[in-house]
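Working notes, beginning with the structure itself.
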């Protein structure tokens, strides 16, 4: 029998090399935007990145215009946005962490059951939902019936966004723990509740905490759902039922106001610093408390 | 006893997801009934007219549905070569190496940048380039928003694809190499086909992201309420029209905007379902 | 280490000259192995786990090139050509390999699995050529009658033993100079193992086979010559009957009698 000849031409090797070079090149190009964006934000934002940014509330458009005409720096900061973000995100953390943790534990322990399957599917559905739709829902649930925009509405919107992320990370972490942990605890006569709180959650702490940090960093910069729930405010507000601002909301306001537009970059810089810091801490936690 | 209560608490917590989902559907349907009632479901979807002036008030979703499809699919198309390259870089060529963890953490950071910052960057840095390229006079439009959107969705497509590529069993690759294949041939004939459903699923999920992305698109698309006549044209997506007009709306207009939200919700839910089904196919191999 | 040789008048198809393999600098998984392999024989490589038998086998078709940290030195002469100086892809085409775990490609049909070597090497064949190669290769592994009706099904649909024979057919389809087998039956049941062993005895009429095995009775049953390796060194390479009845080296004797291993 005659077997066809296989040749190793330069053509085949050339294609192989070309593919490798293209993969490296395109991967390199993909990284560029990050550096461009960082350069933009840092180089334009550092001028206004001062103490004032943290200690003063947003100036009125008129004051800012007068200052601009006199060549002075913009008289104000984003204190109202910082406190607003703390309030709204803080409440969202309180709402979502325990709920998410419990649902995650439920899903990890009831795999294969029909109800758990439905819950798991709906969790994915929530995770894929556009943030603006979540905004609409919160508007319909809270803003409309209570006839007013509020920090509470904003935090509910962010809660709906954080919840599926925390559920998933909790579930995945607990799934990775050896079954022996649970069985050893139960075999020693420990109650299920104790096994969960004394063994499972502490041993999965790294994964669960990382998930929470990433979820917080995700919603930190959310703008769209807050626009139609928390609305924004030009003063520091700690009242749950009052309209409240947040850093991304202020960026949006500044973007639309030619007198305040200079503040967008310093605000974005602050936002990026916080988000990257959270990501970085999450990475360290994940490495340190590896399951 | 304590255990019983605890298990009940867990169950009730899980029930909350169910209630949330039900509440979401209820709220969206309930608030969009007015618009659908006025124009009929299909009448609303197929009408390209969006006219909020009270004298000639008329609302249809078609312009925004088309705008959404244009931007989402064009950005998906743009992101494919880059996302695939990053996936191959991390999941095949440099799997497990220091290079790979560097590239993947950089790309992960891209996913962490808020939409509104992408919008600023698109407006101040990318838009002048788009004008320079002669795409259109103002720079705003489908093209600009798709370019920025494609960068935003690369991390979603690439990280998941890389994961699926790295799961291709080594024994298959060694088998292929032992037959005399080059690396590219192993990638083309073994790794990519084996991970195909996973890769397709990750691009479907990235498409879902692109469909729902709001702020960056709102800032870059030009916000015109008609069907875009090509990539150079301006338009509005379903998400951007809601973000743009929701604040000042009431009555029929508000209901029409919520109806658009419902449509968007259904589309993204279907996209997620499709990704899940494709992924199930993978599990069977 | 003295070189171990067996001669029976013919010139060897494969010569190993001071072949070493190393996973990290300074430590050798295979240490200066020198020996000859003759055509149309089955050579079994035995030894306790970690002795370097797989490392030696995978050096022959340059599989170590896939992992940059593994270094191979020495000379490996296959049919007069120095393998280590050749293009690794070409070497691998000349030396077919069968692995411990059956690894038919799950994305390809049985038919395409047999032809995978051509597909992977970007060779376009005529329908007639393809059919001939598939039938010929599957006939040689005794799989033709079992699968000719289900050619379009996926390879993973077959039983473990059938899968392994499919993998042998896939290697044979490229008409290799030598067939390298890395514990090909260790994942199979006794009946399938038996079938593969019978198959190897038939195949040696046409091919030269080197088989790594941890199963001494398998080596005794099918091999003409046996190599015993220990701690990376080739201790003894001998006619199999000779080795099992009168081992030259004390270590070999201890291994064969079960003192260690």
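List of remarks:
Labels A, B and C are assigned to the chains in the order they are written; within every chain, residues are numbered from 1.
Assume contacts are C-beta pairs under 8 Å (C-beta built on N, C-alpha and C of every residue); 3 or more make two chains touch, one makes a residue touch a chain.
Here the structure is a predicted model, which means the values were calculated and not measured.
Of the two chain pairs examined here, B-C and A-B, it is A-B that is joined by more C-beta pairs in contact. Chain centres computed from CA atoms place C at the largest separation from chain B. Note: centroid distance chain A to chain C, computed from Cα atoms, is 53 Å.
Rounded to a whole number, the gap between the C-alpha centres of chain B and chain C is 49 angstrom.
Inter-chain centre distance (chain A to chain B, centres taken as mean C-alpha positions): 17 Å. Those residues of chain B in touch with two or more other chains are numbered 180, 182, 185.
In chain A, the residues that reach two or more other chains under the touch definition are 6, 12-13.
Annotation for chain C: residues touching 2 or more other chains are 89-90, 93, 117, 121-122, 174. Within the complex formed with chain C, the chain B residues making contact are 169, 171-172, 174-182, 185-186, 189-190, 193-194, 196, 285.
Residues of chain A that touch chain B in their complex: 6, 12-13, 15-16, 19-20, 22-27, 29-31, 33-34, 36-37, 40-41, 99, 102-103, 105-107, 109, 115-116, 118-119, 121-126, 128-133, 135-137, 139-141, 160, 163, 167, 191-193, 196, 217-218, 220-224, 227-228, 248, 251-252, 255, 264-265, 268, 271-272, 275-276, 279, 283. For chain B in complex with chain A, the touching residues are 2-3, 6-7, 9-11, 13-14, 16-18, 20-21, 23-24, 27-28, 30-31, 81-86, 88-89, 93, 103, 105-110, 112-121, 123-125, 151, 154, 158, 180, 182-185, 187, 205, 208, 211-215, 218-219, 239, 242-243, 246-247, 257-258, 261, 264-265, 268-269, 271-272, 276. Taken in their complex, chain A has these residues touching chain C: 1, 3-4, 6, 8, 12-13.
Residue ranges of chain C in contact with chain B, taken from their complex: 61, 63, 66, 89-90, 92-93, 96-97, 99, 101, 103, 105-107, 116-117, 119-122, 156, 167, 170-171, 174.
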